[in-house]
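The structures come next, written out as structure tokens.
Both complexes shown next keep chain A, but they swap its partner, so chain B is in the first and chain C is in the second.
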Partner chain A sequence: MSIPASPSDFALPLLQLDDVCVDFQVPKAQGGKATLRAVRNVSLQVMPGESIALVGESGCGKSTLGRVMVGLIEPSRGSVLYRGRAMNALNRRDQQSARRMLQMVFQNPYGALDPRFRIHRSVREPLDIAGLGSRAERREKVARVLGLVGLGPRHAAAYPKQLSGGQLQRVGIARAIVTSPEVLVCDEVTSALDVSAKIQITELLVELGRELNVSYVFISHDLGIVRQVATRIAVMYLGRIVELMDAASFYRGALHPYSRALLNSVPIPDPQLQRDRLSKILVGEVPSPTDPPSGCAFRSRCPLAQNICREVDPALTPRKGSHLVACHFC
Partner chain B sequence: MDAASPAMASLKSGTSGRKGRINPLLFFYLGWIAAVLLAAIVGPWFFGDDALRQSLGQRLKPPSLAHLAGTDAVGRDILSRIIVGARPTLIIASGGVLIGLGLGTVAGTLAGYFGGFLDRVIMALVDIKLAFPTIIFAIGTIAVVGTSTAILSFVIGLTGWVTFARVQRAVVLRIKVQPFMEAASAVGASSTRLILLHILPNSVAPLLVVTSLDLVRVILLEASLSFLGLGVQPPTPSWGGMINAGRDYLQTAWWVSLAPGLAIMLTALSISRVGDWLRDVLDPDLG
Partner chain C sequence: MSRAPAPILSVRDLHVRLWTKFGVVRAVNGVSLDLAPGEVLGIVGESGSGKSIAMLAVMGLLDAALVDAVAGSVTVGDRSWNDLTEIEAWSSRSEDLAMIFQDAQTALNPVLTIEAQIVETLKARHGLGRKEARARAIKLLEAVRIPDPQRCLSSYPHQLSGGMCQRVMIAMAVGCEPKVLIADEPTTALDVTVQAQILNLISEIQRESGMSLVIISHDLGVIASIADRVHVMYAGRIVEKGTVQDVFAAPRHPYTQALLACTTRVDDEAAAPRAIPGALPDMREAISGCPFRDRCPIVLPICATEDPELDAVEGHAAACWRMPGADP
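Our next item is the complex of A and B:
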């Protein structure tokens, strides 16, 4: 029997996705319906205290996967387990309390708050719905959480239109953490913000993660932000996870050609180096998810593609340590 | 918390020029509505007798100091009749609008929120109603069940719910896809909560505009029905019925129809303008 490397090896995953698929029916241009498989056979575990980043181009299914995690979308196949128990097998009550532990911060801070609710009411809403605590306790909790995200009583009494994007995103975070969740899914939370607000919100999330002991799932296409917050990185392409590895080694050790291409697309402030890298940046468009390529989904844009890629969809297989890659040639 | 301090610094002002400006005519419209309401509430106590007292020696007198709006064919004071007529006119109009608003909002919300089969059934009912001429529907119903204030309100309400239903359905379809709806679902909000606390409060502004337009429509519809003799029955005065009573004398005694006509026009105009203003004040998105 080997000795576990860290205490977290003992821990059960908070959230476990087993072979999850999500299909959408979309109308075809020629009439009729097509099946869009937004998420394909994804298995992923969220451990206590870790921060997983889901990265990939728009349309790769990362937001859909995030919504599956918090229960906004039912998987078409596969299961979502919270602390080892399947969400859809729980009774209504247990399911509601499980979903309180899985919260989400949304991409667009301007739209994610009801314009008719004052800030304190929006932040209190999750407590009202759950029926947690007395009125006075809820009020006090709301004030405390708003304080945690750096907002005061003046903001609490305001309407959303009176706040800036960064302030609104703080409210979105306050609303998500008010029920003391264990997993917080952050869907492109900084993409609608200006640069300074981006940095502040990122720092706030890192700080809250430490204080509240919450696990994060960061959905992002911004590898710069991901670098600051993630402990593990899952690279998604056309609904699949193509590479899953520790964030610390990702920037040097990523193997999948798509991960390499993503890394190369981050601009660096050195004209000479940047010119050299431009040649390696990905060409072409993401294939339509209603009609993905046979075999490996990435082969149509892959510099390494061979005949086998046309026939066999590579499985996620382990490399060194916990590093998983889905590719025939790396 | 260091990162927090810039967030504390600013709080945008919520007021804007648009809300601050008030058209001076608005005071006139508000004043007129207040006067009509006052007339409807206390008018019959003060002018009830004058409105009904006939005086054949004073028939069809033009406006004068004794009769500011003149007298009608049996010598009744027209101004008194307008004041007394405000009550039945307003009761029927507001009753009709409330019934239409209630039915239409429920139908439109259900159709827009749940969609599918329910949506198709409700929208089919709307199309059937729209294909059916309003006046014919009203005449038919009143011919069968008779006429009274309650029946008139109900009939008028039944002719008006479709406008509310269509507007509300469109509003719900727009609100349903707003990010805050998904955010509310994410924290566990039920359909009931989504509809009552998120959709309906955000529908108030558009519904208010339709309400003010519809008030105008039902006042005119009540006038039409009274004009056809299907509305408020004589001798109780109503504005539409008074216009009808003056029809035979348009060539010789124009004032018999003019005064109630003016009353309807001013009331309709005032309600519509005040409705627009209220929409601007209430709509957070315009602020």
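Our next item is the complex of A and C:
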């Protein structure tokens, strides 16, 4: 490794995002182009050993932000620092090794694997590409990593088609951790799985986090699943972080009306309580990101909205402890 | 005890075997159910438990090329079908039954406007002229809370959000005035916020129209949202049935208990969820004994040899040898 981890920088963030914006140019229905602001002014740090969840409705920018974090997308504005150094200022070699430290796992594990390769070959591929270790070392590492995710030699010799969704997701995770990354961005990794397999994958991630000392950015729209993994939660709405707080207090203590609405929308398996919750739901859908409301983007659906919300976009400001909220009225 | 009203939909001993590239799969193995007029029945179970295939067979919508065998009978109102392989069964049952699916966006025809699709359905179903059909379509779109029905009519499916497409599907299904609406995971592809809206909408339309509803979901929270009764499916069988109050408060089958224990909760009662060990049995084999026994924490010797039956009695029942009175 060319970027050493010394004890002195232990408390420094692994990743630091400052005022990151991502704009896409998209075709308009009436012809011409529009600017779609997928991520707007996001500042966020990923600390060693933490597991930060990005939550929010689809299209709010979670995946785009995740891709920025692993260097798959260049931000249109703002900076991304890996261990205090700007990613785009690193030389080629350092950038490559930084990339290896920042890995991503996707929702659809099947799509990420070559159907013609046996599992062990797909898991070994990142090592082959990076030229890490001898042949024997690579083989040994692959077996160890497959063991870590709960797969054996039988699975290693199988083809993707022969495995279940949960097993394929384990392969996806094995492939991502084989280069010993420091940050793993998991984008909806449980979304395609059965209830029980979802729990198994979150248990696996928590265990791996402890064993391998890896930090997570856990992207999910499922707040029930997020609760099993996250130590911090960032709620996104139309490209912005609207609330950021410690996961343990989020489920009772979230303040932003959007966070509350999200929590209230998750159905719970209790017929009496659930019918009551259903009577208090959020109206409307997310506005178009090419034409967001003025002021606070959430105001068009917000039960607390006043005139000021139309004019002034509330900044993310501190509440108790490290809790941040962007709202004029909470 | 007062007599239950005659069911609007009855299914008896439904069996479905399908061709797959791995061989013949026994997807549904003896499903029976009764749906009362105006009732909402939830069907819940893990992926592959046979929920969709059972309901597609009831509708008569199974892909004939995949079917190895279908057996059982379906009664809707006073009409019965004993041969479920009949192709024409679909058109005759579709007068009374309608179905909506998880992926509304792909269930709609991508190259036709919403107007073309919804108006055609209404013309075919009610013999309306174009103008009347259009007026009715606008009424229906208003009923499913589409903000700008005129604009929606002239849109193509890809121009609408997933939630809007599902509203359109609901409008089309309800427009056929079915006696029973079967909704197969209608909210699974949607955000939770939109899911809550759609569940409210379906529930409201069901109450207002008095139709019966079967809602399929793998999410116990969705079932708890709108169902009166619930059937829990496992390996192509119903293993527990009862009112949602009874089943959620005191689940009897170890599978139902395991399913509840692995469901996450965001409210204050959240306990750490526990995964269910193991996986569904191989559905290519005829299973002797209880299909859940390999994953069951309270298995008995008899479970390996004999399949426990679900009592025919009304009310709360579970197909498990541990149940009182379940002795062979």
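Odds and ends about this structure:
The rule is short, and it goes like this: the second predicted complex is superposed on the first by the 320 of 330 C-alpha atoms of A that agree within 3 Å, B and C clash if a C-alpha of one lies under 4 Å from a C-alpha of the other, contacts with A are read in each partner's own complex, and residues count from 1 in each chain.
The working rule: a residue touches a chain if its C-beta (ideal position, glycine included) is under 8 Å from a C-beta of that chain, and two chains touch if they have at least 3 such contacts.
Keep in mind that what you see is a predicted model, and the values were worked out from it rather than measured.
In the superposed model, A:Leu163 makes contact with chain B only, not with chain C. By the touch criterion defined above, A:Ala261 reaches chain C but does not reach chain B.
Shared-chain residue A:Val149: touches chain B; no touch with chain C.
Looking at the shared chain after the overlay, A:Gln30 reaches neither chain B nor chain C. Contacts of A:Asn307 after superposition on the shared chain: neither chain B nor chain C is touched. By the document's definition of touching, of the two partners only chain B reaches A:Gln96; chain C does not. Shared-chain residue A:Gly224: touches chain C; no touch with chain B.
Of the two partner chains, both chain B and chain C are touched by A:Glu203. The intersection of chain A residues touching chain B with those touching chain C, taken from the two complexes, comprises 164, 196, 199-200, 203. Here chain A touches chain B in the complex through residues 70-72, 96, 99-100, 103-104, 106-108, 111-116, 125-126, 129-130, 148-152, 154-155, 158-159, 161-164, 166-167, 170, 172, 175, 179, 196, 199-200, 203-204, 207, going by the rule given at the top. Here chain B touches chain A in the complex through residues 1-8, 10-14, 178-180, 182-190, 193, 198, 201-202, 284-285, 287, going by the rule given at the top. Contacts from chain C toward chain A in the complex involve residues 46-47, 159, 161, 163-164, 191-197, 199-200, 203, 218-227, 244-245, 248, 258-260, 262-270, 272-276, 279.
Chain A meets chain C in the complex at residues 29, 57-58, 164-165, 194-197, 199-200, 203, 221-225, 227-228, 251-252, 261-275, 278, 281-283, 285.
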